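Across the two complexes that follow, chain A remains constant while its partner is chain B and subsequently chain C.
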Partner chain A sequence: MFDTLIAGLLRGNVYALGAVGISLVFGVMNVVNFAQFSFFGLGAMLAWLFVAELGWPFWLALPLVLVICGGLGLLINIAVVRPLAKFLPLAAMLSTYAVSQILDNASQIAFTAEFRAFPKVLPTSNFHIGTMRFGTSDLVMLGITAVVMGAMAAFLKYGKTGQAIRATAQDQEAALQMGIPVSLVQHIAFVIASALGGLAGVFIALYVGVANPTSGLNVGMTAFVAATLGGLGSLGGAVIGGFVLGILEAFGIHFFGDSAREIIVFFVLILVLILRPGGFLGKVPLLSTEPLTGTFLGKGRPFTIPRWAWIAAAVVGGILIPVFGDNYLLTTGTQVLIYAVIAAGFTVTAGQAGVLALGQAGPIAIGAYTSALITINLGIPFWVAVPLSGISAAVLTSVLASPIWGVKGHYISIATLGIGTAIVAIIRLVLPQGIYGIPMPSWGDTLLATPVAYYLIDFVALVVTLWVMLRIRRSHLGKVISSVGSDEVAALASGVRVRDYKALAFAISAFFAGIGGSLLAHQYTYIDPTIFTMLMSLLVVTIVIMGGVGLPPGAVIGSVILIGAMELLRFTPELRIVVYGLVLILVVRFRPGGVLVRNA
Partner chain B sequence: MTRPYTDSTTTTKDTTMTSPKFTKRRLAALVLAAGLTVGLGACSTANASGGGSATDPVYFGVSAAITGQYAQYGEQFKKAFDLAAEEINAAGGINGRPVALKYEDSQSDPKQSVAVAQKFVGDKSVVLVFGDYSSAASIPASPLYTSGKLLQYGFNNSNPAFTEKGTDYQWSTSITTNATYTWLADYVKSKGVKSVGVTYLNTADWGIPAFKAFKDEADKVGLTITDAEGVLDTSDDYRPSLTKAVAGQPEAFVHVGYGPDAAKLVTQLRAIGYKGTFFGGQDEKSFDGTPDAEGSIIGAQFIETSSTPAVAAFVKAFKAKYPNEAHVTSFEAGAYDALHVAVAAAKLGGATRDGVLKGFQQVKDVPSIVYGKISFDTSTRRVASPQLTPTILTGGKWVEYKG
Partner chain C sequence: MSTPLLEVVDLARHFEGLKAVDGITFSVAAGEVVSIIGPNGSGKTTTLNLVTGTIPGHGGTITLEGERIDHGDTARIAEHGIARTFQNGRVFATLSVADNIEVGIHSTLDATRPFRRLSNLFALRWIPLIAELFVAIVGTPGSRRESAEIESVVATEIHRFEARLGSRRDDPAYSLSYANRRRTEIARALALRPKLLVLDEPTAGMNQSETAEVLAQLLELKAEGQAILLVEHKLDLVMTVSDRIIVMDGGRIIASGTPEAVRTDPAVIEAYLGRRRGAEEGATHD
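Take a look at the complex of A and B:
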């Protein structure tokens, strides 16, 4: 038991460092900073470069990593985050995601994707308590964390800048009126957070033994959860969240195995959020709309799409492409269409109900698995399986998500992230083997397995989805859901049962996610849990943000741009992701509300 | 702070107040969308012409991860392919026609590997495609290759299902995981080890079937597994799993997995004070360079330090072309072999899609770095009776182990 506790402490140490950085930036800027995740991997690789390649002493390398990461953080804040965060946190969040893509891939080009063995800087197993061995290295890491945390706490409590950071976190506008240079404070917070990210990265490398440019992603995700557990914006909470999560994870893995890790993390998260909706030390947001989308909705008006544009789109998508397109265009088209179905269905949750759910891979996976299992085992035809998969995804996701609707503000996004991740983790636990030989669609005896057949099936699915979604928007129900997203308090005061409508919107989105999953499964004919990743969830979110968060047609355009661009950029394989990130940033920069939303 | 809210449902009559400026922007948005669609089409038709005269290159496609999580392997494959292509062309190519490779990045993501597959199927100049890396990317692309009658050579796909569930168009020269881990259980037992602690990658396409094969064989030969822990390669901290796995004080430790995760595991295994022999890992830089990995034993198909002339010549040529590469691993050797097999098949059956398939069904005794000689078992579309050699990591190098 004792050795598991030590393992948990060491792991919690890294989470705590990461979580403090995330919480700090969130506190002063109200932005979830995905770029923070990249600093873990970058810190580890820089440390490897300095120590292993250049042979510099560790004590020189460590501060240098902090300086480089801090400097990069400042640059990112000036160039990308701050200009957008001022008026559109949602756009800022999307661009931090783009920045993290660029950073990861630039780092991959610089360092290559290889895992590198990290040199042993300090002994790792020279002490023992009972049978558990640990080393100077571990003690030094814990010691550095303690010193850094102590210094941070003192700085925030007594330092002038520290007090300014706290004031900004409490109330940005009031702080500005009191003469606090808010923009400078935000820069400082960003620098500190990035440097802490780098430090955590170095610790990961020291502790794990090998590192590559993307090795921070999972730790980053868990650190993010730790920050939420503690209460976003609360630094003490972040430290507690980090250690609590580290220790619980260690014991969870001990009893249930490593595959249960994600389930444990998110189970703890959801439990804490239900019991304490603001986290351990965070304040419960009393009157809060979903801050990300809430801010956004008032900022611009969507374009009204004229009749001729609909007709033109239908002609191009439904006639010209299937008749004249070659198979490559059609196959790429199927992916665009399926993601458009998923994203268009998602607009009611993300845009209208104002819940930026981050775990759509969950219902997509449920749809795919349902469809695969019932067609293979029960012989149910494809055409029946597709709608059944949608229903199954809607029902199962609703049941799993039912406890979270009391959670408010940002926390609900993170809770949905938890639900999505937990669904995939449960599938991995129950059905770890992939499913092979999922039947292709057929009509009578005709096998509809050509690219053009898949394209047309998906096209019809999209037309139906758009029709349903637009009907919902125009209906009374749709307006009620919109009222929830735009002003939760007013809706509540008018007698709208806010929780129920959020749950309903989520179920509708899960239905279409399930349909999309089913279509994917029958096209791939093979599925396994590695297909339904966090990146898949993020792609769905980016698609709706790109198009205009509440607009079903916007989801189609977002899907064309985001999936099409990945194919269009094939001319530059190495730089593909970097250019992709740049395109994303540019679009967000000039159309922060989405392609189909005119600027305010 | 309250915010003014407008939603399009409340402004459906907005058209009446549209000014020319808005129309322009709206047009711009549509043009952007249309442009992308047309652009996609243009890209896809660029390579549609096919055939090939006597001096045109023979094209092989490569669907692999050039960016993303699995990019490490894409890089290794590319280096070996490029070296092999250079040598083959210097020796006259395929009946005078040079060999050329077309790379497409799939990130080993099925969403992209199917698009890549369709792109290759549509590109009539491509006569065979290598890849993809993972099962999750390879198997979803298989139906497309089959219907396009284009041979999909998953030279790296150790998952038996790739060929078992595939058709005549799926071939592989990778030894299956089942064969590898059945061998390992026998070998560990033959060394007089009575009990082992095990970690295995809890992945559908690789780790789970591999562990099952290991366990079945261990049960058969009487090797006790004190505890087996499923782990994920994306995790960084395995100490909780490891403390549990060695709690029963097994004599040795087996990891069913790859190099990077084995490097993390062996480092942490030693950090918690376990001293038994570590069976596992891979001949891969991240693992070889890990100080704690010293003394690890694996069953290898390819040993860099082998004295076999063909292997020595390959290693020498590889290091001459890539002087920064300290080690050559089975990944590079596998890719190098794969191009030679493909070329041999094309020479035999003809440099067309049909010809290559015919060539694969007939080709025999292709000289190989990994196997010595490669002949296919045409019923499994895998290499007939592959052999493994026990090797030990000594001084950061794998050498044949005779202990």
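Take a look at the complex of A and C:
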């Protein structure tokens, strides 16, 4: 019992450090900084490099890690976040999400994905109180945190710069008017937050005893939930949130096992968002004061795609490739088609309803597993399984997401990310092994197992998807959903039940994600939970943003470029993600309406 | 006397101790134009926000045609028949002028939105949504007929502002001038065929000729029998168009009545000339 409590405190310690960084940046910049998440992984890996590989003393390594992380943070702010200040915060959030993927995978390329044993710098169980064991290492970590937090509090309360940070957090405009160098303040906040992230990363490595480049995301999500729990922007709240969550989690793991971790975090997040969206210490924002929803693009006129281009695309995709393409091209083409289905279905959520959902891997996984299970166990034919998978993904995701539609802006993106992560976590809990032997489709007695047959099936699926999406877009319903993304308050005043239509848009997107998942499962004939990663969610978002979030045909172009080109260039998976991230950052920065939209 | 169209009794709302609206009571009859005036911060816009459910109230009742509408559900209040515009003009920036107006029609549609009554039942809300999706994709004879009606309402509302919006029908709203956005907003509100039209400073930021245009339009609506609740700073316009004027100060109603009665009310003059001077004069008079 006390062991669990200690474990909770130590976990909470890490989350508190991370949460303070997230809250600090959110306070002064109004941006949820996903890049922060990566510093947890990066801090751990750098410390491992210095201590385990290079044999440097820990007391030299630790400050060096902090300096490197802080410096990287500064670089990110200058290069990526600050230039987006004039756009909606959503644009900056998306870019930091891309940065975090780039950092994680660059670090994976540098350090490989292996779990590295982290050396015991200090004794870990040299003290006993009754049955409770703990070590110097634990005391030092808690001590450092206490000192850091104390110093931060004093700095914010009494320091000139600290005052400037608080002023900026309260009112950026006014702070600027008073002569506070707001951009410098934001730089400082970013540096502090990144260094804290690095520190938290080192602590995780110390505590768990292993370091891994991709561990950042999980810790980052938890730290974000902690920051939300405490009230985004409130540093005291972040500390409390961190410890509360750490202890909750430790007890959860104690009773339900390690795989329950993500699920616990997710449910805490949803509960907080529903019951007290402002967190313990934050203020609940008034309905109309947080204009964070909506698409950050908006301005700009889409190119009209001429009829001949449609016909040309249909001829190339539907005739030339199937007739002349080799198996490699057809297999790649099938991937392009499947992702185009998923992305085209996603445009109604990301573009029209203005909900930037970050967890589409969730419904894709549901679709894939539904299809695999019902074709193998119930003998249901492929043709029936595909639509059923779509329905199952739509229904299950909608039920899970039903509480979040009153939530706004950043929170909704984070909540959808949490839902996606939780879905995959639940699948991993229930079906940890992969599923083999998912049948290829057949027609009567003919097995349609050739690449060309499967390509054509998916081509038809894409044509149907585009037809449906364009029908919706042109209908009254489509306009109503767009009004929700454009201005929620005005939509409500026009009699539009905003929450319902967001949920409907999300369900439509989940349906097509489920269809896509089913098609993927039958193409691979094997699935396991590691396929449905954050990468997949990021990919869907990047495709859609590249093509122009509101435009279903744009999704096809985005898919051709991001899936087709990457495959044909034979990039490694890690390098691909780095490229996706870069593309996302560049598109958000220079072509916020997507490649098909002229800038206004 | 029959029940008034809108009846507000003892309505209150505070913001962290500040009583923005402090127990006000008023009504609007069918076909009547009622204006709320008062100094900045007197609670006018808050009153509108409360009536339209944009923000929840802290006490009091609001009824429309005898039916309670103070449930705080903005979309349902719109369905009851209250349409509004906003102080700074909120249009759907990415939608065209015609589509903006079409969204305004939303709550009057039936064939396009089958089973929409179920929308108010929490557990069954998904049924009308799925039905609406189905109709949007495949269409039904009824929905096609209704589409034609939508077209005609959009045409009527654009025609109302023909000189200004006629040529901009398919342009996205963000490309419009400020005044045209506000016209689009009014057109969208009218497309709802509201029992009560709520306008929050329709002439804010407009020059003299644009203001005159708004006045002409308001008089036209009044002649059509449209009931209007108006918040407005330009007193000439208010005096011309209103049947009745409510004067607010410090979250309370300090006077109400016909334009003539209000114009000469000493409390109103005091509120408008400034409290301090009024108070000093009051002290010497005492």
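Brief remarks follow.
Operating definition for what follows: the second predicted complex is superposed on the first by the 530 of 600 C-alpha atoms of A that agree within 3 Å, B and C clash if a C-alpha of one lies under 4 Å from a C-alpha of the other, contacts with A are read in each partner's own complex, and residues count from 1 in each chain.
The definition used in the following text is that a contact is a pair of C-beta atoms (placed from the backbone, for glycine too) under 8 Å apart; a residue touches a chain by one contact, two chains touch by 3 or more.
Computed from a predicted model, the values in this text were never measured in an experiment.
Touch criterion met: A:215 reaches chain B, while chain C stays clear of it. Of the two partner chains placed around the shared chain by superposition, chain C is the only one that A:498 touches, whereas chain B remains out of contact.
In the superposed model, A:523 makes contact with chain B only, not with chain C.
Of the two partner chains placed by the overlay, neither chain B nor chain C lies in contact with A:245.
Applying the stated contact rule after C-alpha superposition, one finds that A:508 touches chain C and leaves chain B untouched. Of the two partner chains placed by superposition, chain B and chain C are both touched by A:486.
Put chain B and chain C next to each other and count what each touches on chain A; the higher total goes to B. Look at A:478: by the touch rule set out above, it reaches both chain B and chain C. In the three-chain superposition model, chain A touches both chain B and chain C at residues 295, 298, 301, 478-479, 482, 486-487, 550. Within the complex formed with chain A, the residues of chain C that make contact are 52-55, 74-76, 78-79, 83-84, 86, 90-95, 99-100, 102-104, 106-107, 109, 112, 119, 125-126, 129, 132-133, 135-137, 147, 150, 172, 174-175, 185, 188-189, 192. Every residue of chain A that touches chain C in the complex is listed here, in rising order: 286-288, 295, 298-299, 301, 398, 468, 471-472, 475-480, 482-483, 485-487, 489-498, 500-501, 503-504, 507-508, 550, 600.
Listing the residues of chain B that touch chain A in their complex gives 2-12, 14-15, 18, 22, 25-26, 29-30, 32-34, 36-37, 39-41, 43-45, 48, 66-72, 74-75, 103-105, 110-112, 114-115, 117-119, 121-122, 134-136, 139-140, 142-144, 147-148, 161, 165, 202-205, 208-209, 229-232, 234-241, 243-244, 259-260, 263-264, 267-268, 270-273, 284-292. Partner chain B is touched in their complex by these residues of chain A: 3-4, 7-8, 10-11, 105, 108, 112-117, 120, 124-125, 128, 131-135, 204, 207-210, 212, 214-215, 217-219, 249-254, 257-259, 261, 294-295, 297-298, 301-306, 309, 312, 316, 321, 324-332, 334-335, 352, 428, 432-434, 436-437, 440, 449-451, 473-474, 478-479, 482, 486-487, 523-526, 528-531, 550-551, 557, 560-561, 563-568, 570, 573-574, 576-577, 595-596, 598.
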